[in-house]
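Can you read through this structure? Questions will come right after.
Per-chain residue numbering starts at 1, and chain names A, B, C and D are given in the order in which the chains are listed.
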Amino acid sequence: MKADPRGVLTGVYYIDGDVAAGYGALAAGCKFVAGYPITPSTEAFEAICHRGPQVGAVFIQMEDELGSISAIIGATWSGVKTMTITSGPGYSLMQECIGFGAMLETPFVLLNIQRGGPSTGVPTKTGQADMMQSRWGSHGDYELIAIAPESPQEMFDYTIKAFNLAEKYRCPIMIMSDECVGHMTEKVVIPEADKIEVEPRRLYTGPAEDYLPFKPEPDLVPKMAKAGDGLKLYITGQTHDERGYPVKDAEYKSKYGRRLVDKIRLNKDKIIELKEEGTDNADVIVVSYGISSRVAIKGVELAREKGIKVGTLRLVTVWPFPDEKMSELAKKAKAFVVPEINYGQVVYDVARCAHGRANVVLVPHGGAGVHNPNDIADAIEMAAKEDKKIEGLIEFKTRLEKSVFEGGFKLKE
Amino acid sequence: MKADKAGVLTGSHVLNGNQACAEGALAAGCRFLGLYPIVPSIEVSERFLARAPEVGATFIQMEDEISALAAVLGASWTGKKSMTVTSGPGLSLMMEHLGLGIMLETPCVIADIQSVGPGLGLPTHAAQGDMMQARWGSHGDYEIVALAPSSPQEMFDFTIKAFNFSERYRIPVAIMSDAYVAQLEETVVIPPADQINIETRRYYEGAKDSYLPFKRDKDFVPPMVDIGQGYRFHVTGLTHDDRGYPIMFEECQEYNVHPLMWKVRNAVDKIVEVQETNTDDAEVVVISYGATSRAVLKAIKQARESGIKAGGLKLVTVWPFPEKRVTELAKKAKAIVVPEMNFGQIVLEVERNGYGEANIFFLPHGDKGAEYSEDILAAIKRASQTSEAKSGIIEIS
Amino acid sequence: MMETPKTDEKQEIHPMENLLRMDRMPHIWCPTCGIGLAVTAFTAALEKANIDPNTVSIVSGIGCTGRVAGYVKLDSFHTTHGRPIAFATGIKVASPKTKVVVFSGDGDLMAIGGNHFIHAARRNIDMLVVCVNNFIYAMTGGQVAPTTPLAAYATTSPYGCVEPPFNIPYLAESSGAVYVARWTTLHIRRLTNSLTEALQKTGFSVVEAISPCGMYYSRINRLGDGLDMMRFYHDNVEIRHGEDTKNLDIGFQTKIICGKFVDRERPSYNERYNQWLSEVKTAGRHSKGQKGSKK
Amino acid sequence: MNSIIDALDKGIEMAGIARKRISVPSDIPFDPDAVKTLGVDYFQIPRGRAIAFGTGLKLGNPDLKVIPVAGDLMTLGGNHFVHGSRRNMELLVICVNNFVYKNIGGKPAPFTQAVFSPYSTFEEPFNFPHLGNSCGAVYTARWTALHAEELAASIAEALNKRGLSMIEVLAPGPNYYRSIDGIESELLQFYFNNSVVKNNEDPRNVAITPDEKIAVGKFTDKERPTFIDSYNVQHSKMLGDKFTPHGSPPKVEKLGGKNG
């Protein structure tokens, strides 16, 4: 299906990533946005407050993030496409309802503009430390999809993609962006509406009596319904059967709860999007995502100048994780270098899939800034020189760490 | 230091896991409980409340889990050891304040009685689906200590351990129990107070005007003070310097947050604890924790009887993960079996630390909850019979 | 009570130096902001009420006013968004002798923290809540707040606010607060007096301090700078002590009623708790819990 | 089927609203059969989020009539309640009050040894009608679960109000947040016997105190623009033709059968 031209602001713009995501949502047909102001994501919500009423989308600023996410799940069940926008602390508050959304197989998009953490941390500066949280943050077993854009243009494009994936797999989609991308102003091209593919909701159309809200189609995704159609929906966040009725026995957990994870795991190949360059004969492969992948470009260049064979693998979708691809690469390459703006998160999954065949080097960064490309280049060089197999993560000591802890560094008053 | 007699109910009692947890907390010197009732953790609060008047402990039932943990953090700064107790949905709500606890380096204990999730799940059925959440559920980087008891006795013992870790490293510590252990009634032996070792809070003892709330010692743990002593300190959830004043640039972020990792990562050898059964000559090692390790013991015994060299590794501390020991075992054994009451969480850590040295079999949540020793036995048999090396996790349906 | 700081005679000393963290000055607040005035009133009240500052804990949330804890030289906690009351509840219940003050903004206390506000009022936790109301989320750049008057502009209400604002005194009274007053930061002496009274009161006391926000609220709504707002307060504030709280709605640039509205007695949480404690101790109810019984 | 669901059934019938237009988000588990009989769409949502979830339902599809049934004494959801009232979101909130009061009308209640009383017994609960009224709810009422007729009539009346209506239903039970099936009938009967109808009483005076009988009845009935009204008016004013008002104007429906 093509996008509704009403929501598509065709043209060439010079806007920041937050605004681009807001425009992307409206282009994808999002009709309801509930948000709560939190730096650095507020611009995206503001863009929707400004444009939304002109294109038939409703917005509401709820009393807190718990309210925002509950409201968008409610609105999704009333039949519209929805999104909420937040950052670290708000994301933590939303965790209960993310699991709830996954349990109800509710399609919605959550835009998380990551900032420095933990706790209040550094609200105005960047971080990538919510990546594992997006995978594991809610209690119980569930799987969802997380996308990490690296530019304002991608913020626009991948927001649309996120809406499409949400509808396709009936699950919450996380756009795990960060402050750098969110506040980065670049050229964004918004195409004509008929060039934008939009996934319509998989609505049930059969007779009302026969509707089973959780009866899977062959791809394990059930058809969706909406309130007000006389289907007498019984939807519960408890473990439920195909009718949606709560079940009391543990056996149903394996019977019905299982599908929640399987519908993503078994459709993995269709979901995963990677950008790979020069990995075929590389000694060292730089695995990165989001803003770190842009910073890594320079680091890779520097390393290549030194004659090191470096390949890059960019995780556009971070979750589900490309296990098989990573294992395959581990057989070919000597080492993986993983720069991320945290003290080790996605790198654990890289190490897991390496199965001891390749060394794994983490280039950490605590947040509030991005990597120094020289650190990445040095890490690549170090990894290329190392011929032994080393167990455990190798944590690269960055220039920042050395200057803070070893260089007699004094914090300014 | 030894435990305060007032909280120790010395003797042998028949208690369920929840009640044992409350007794453990009181014995450890916990004097404040911030709670919000949620099945299946209610008996912890009930027991604590019933015993509070005679022990001299306080409690408050807050309006939700968010405020329950917030109150616990506040209470901890008054000098009282504090805890809260919850289950999955509540733990999800607590995630923001877990981060605050990390950032303010506030000792406290969170007991999570896991039930089936996600969403509302099956509130009365046991599961182990929050294991990764404890480690990764709050935004930003942090390290946590999480203990997984498998019996009421361990609920008692590990709760004391949890308080000791939290005081030692100034971090929130999670007790990751489950509905099965929580409801299980067994004999719990509570030793006399003078046989219980208690870690006291590490107080600052210098001059009042030179107190820096986040000045770290060699272990990266800053000494603490209580409120109302005239220190008039400031602490903030923002990235801060030694004085506790917010400074928001990248050097300070590094200065503030990296040591939060180090204080746990560097102490891994002191924190990590495992219990091993027949691992010396084992060809198949079963790695488990919490309620599942009960069924594992039974299965190992049966496997040995049928001639399979099976052994077990029980994780007392799930976080930090006993990486070295798992790698050693992977090198020795032919296969590792990981039964969990979820759809694959800790098995990922086992896979990471196995380095492809052994086949890894994963036995997910079954129909029988925690009592599935037969399935484990079958998995052990299959693992011992698979001779070719396979990469990745082999899931047993 | 308080030590006089030893200083060089030539050096000028801030009169509140022993209650402020001078090493953190200058503060982050914009010129013409009223939060500083509220802090001055609070520190003056603390001296006036004759309370030992060592026994006072101050808890703030997130936002411009949330930074107050960082500038006041008391045991001070800067916590998470919306949760200072919950954090302070923990302090008060665990350490009843501590005087607890929550100093935060309208967005923090009334929006995300609304639940803790009403519940703490219901429980009548003994604390003073100072709510600086500037009608907007200023720290994040001017978003609509639950106190933003109808039709006022904010960045997330670019076409005018569509939600009626909270009447904070009415909400506080209906949920059980024992002391409720409202002043603007122009009424610095009256505000100080109210804060002094509230500090001496046992129970949940709320003082709303309406403050100009020159950077966002006034700018977005073209109301001039802070001084213009002060003039507006001067011309449009009506002082009516004891006014029925339901008449205290604030519209966009309409009359603001200030004064002390509620001053009553209710048993505080700690009093009720202690009463319960003595009851169960005499009744021996606690022995019941020692059985390993299931429900 | 318990009395609250019964009253809902009757109330919807009396209000004459097509059942398919009604959605009931609740943190209290309803029996599937009861929902089938009611003929509405039902959502069991996380504790405390009924009103926030309902807000989304209503804004997503303004034609829906949303009845959040909030259990748990609105502890977790208190914030959504006060903000929903302030916004005047078009919802009918049924607040199930399962507090176990020690004394009513000067007499001790028969069931005070709650296994785990919702609030530790020394706490006081809210005066919900007053709280709702102070935040701007357009309709507040209180009944015990045994006031079947009155409760149903209140529901019917409130369903035709525009704005946030709140009906507090006293339904004490020892089962804290589990099910509204666990109503302790002896205690409920005691509440019923010790209640007195005080329609149009100032909500300020209807707090449940140990010494007085429980005031029940309708306390608030006023008109205020709803959130959607204000949203449409304000945006039409500012944007003119560029803005399409959200939702259709209210229409009166004919009395419908169970399945609309």
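Criterion: contacts are C-beta pairs under 8 Å (C-beta built on N, C-alpha and C of every residue); 3 or more make two chains touch, one makes a residue touch a chain.
Worth saying up front: this structure is predicted, and the values here are computed from it rather than measured.
Asks: Of the chain pairs A-B and A-C, which one is connected by the greater count of C-beta contacts?
Replies: The greater number of contacts lies at A-B.
Asks: Would you kindly tell me how far, in whole Å, the mean C-alpha position of chain B lies from that of chain A?
Replies: 28
Asks: Between chain B and chain D, what is the gap in Å from one C-alpha centre to the other?
Replies: Distance between chain centres, rounded to whole Å: 40 Å.
Asks: What is the distance, in whole Å, between the centres of chain C and chain D, each centre taken as the mean of its C-alpha atoms?
Replies: Inter-chain centre distance comes to 31 Å.
Asks: Two or more other chains touching the same residue: where does that happen in chain B?
Replies: 46, 49, 59, 63-64, 66, 89, 96, 100, 104, 119-120, 236-238
Asks: Among the residues of chain D, which are close enough to touch at least two other chains?
Replies: Those would be 44, 46, 75-76, 78-79, 83, 115, 120, 123, 227, 231, 235, 239.
Asks: At which residue positions does chain A touch at least two other chains?
Replies: In chain A, the residues touching two or more other chains are 53, 63-64, 66, 89, 96, 100, 119-120, 236-238.
Asks: Work through the pairs of chains, note which ones touch, and then classify the graph as line, ring, star, complete or other.
Replies: Complete.
Asks: Can you list the chain B residues touching chain A in their complex?
Replies: 66, 87-89, 91-93, 95-96, 98-100, 102-104, 114, 116-123, 125, 127, 129-130, 132-133, 135-142, 236-239, 241-242, 247-258, 260-261, 323, 327, 342-345, 348-349, 351-352, 354-357, 364-369, 391-392
Asks: For chain C, which residues count as touching chain D in their complex?
Replies: The touching residues are 111-115, 118-119, 122-124, 146, 150-151, 159-167, 170-171, 173-176, 245-246, 269, 272-273, 275-276, 295.
Asks: Write out the stretch or stretches of chain B touching chain D in their complex.
Replies: Answer in residue numbers: 36-39, 42, 45-46, 49, 59, 61, 63-64, 89, 119-120.
Asks: For the complex, which residues does chain A have touching chain B?
Replies: Residues 66, 88-89, 91-93, 95-96, 99-100, 102-104, 114, 116-125, 127, 129-130, 132-133, 135-142, 236-239, 247-254, 257-258, 260-261, 323-324, 327, 342-345, 348-349, 351-352, 355-357, 364-369, 391-392, 400-401, 403-405, 409, 411-412 of chain A touch chain B in their complex.
Asks: Write out the stretch or stretches of chain D touching chain A in their complex.
Replies: Counting only chain D, the residues touching chain A are 19-21, 23, 25, 29-30, 32, 35-36, 39-46, 49, 52-61, 63-64, 79-80, 83, 227, 231, 235, 239, 242-244, 246, 259-260.
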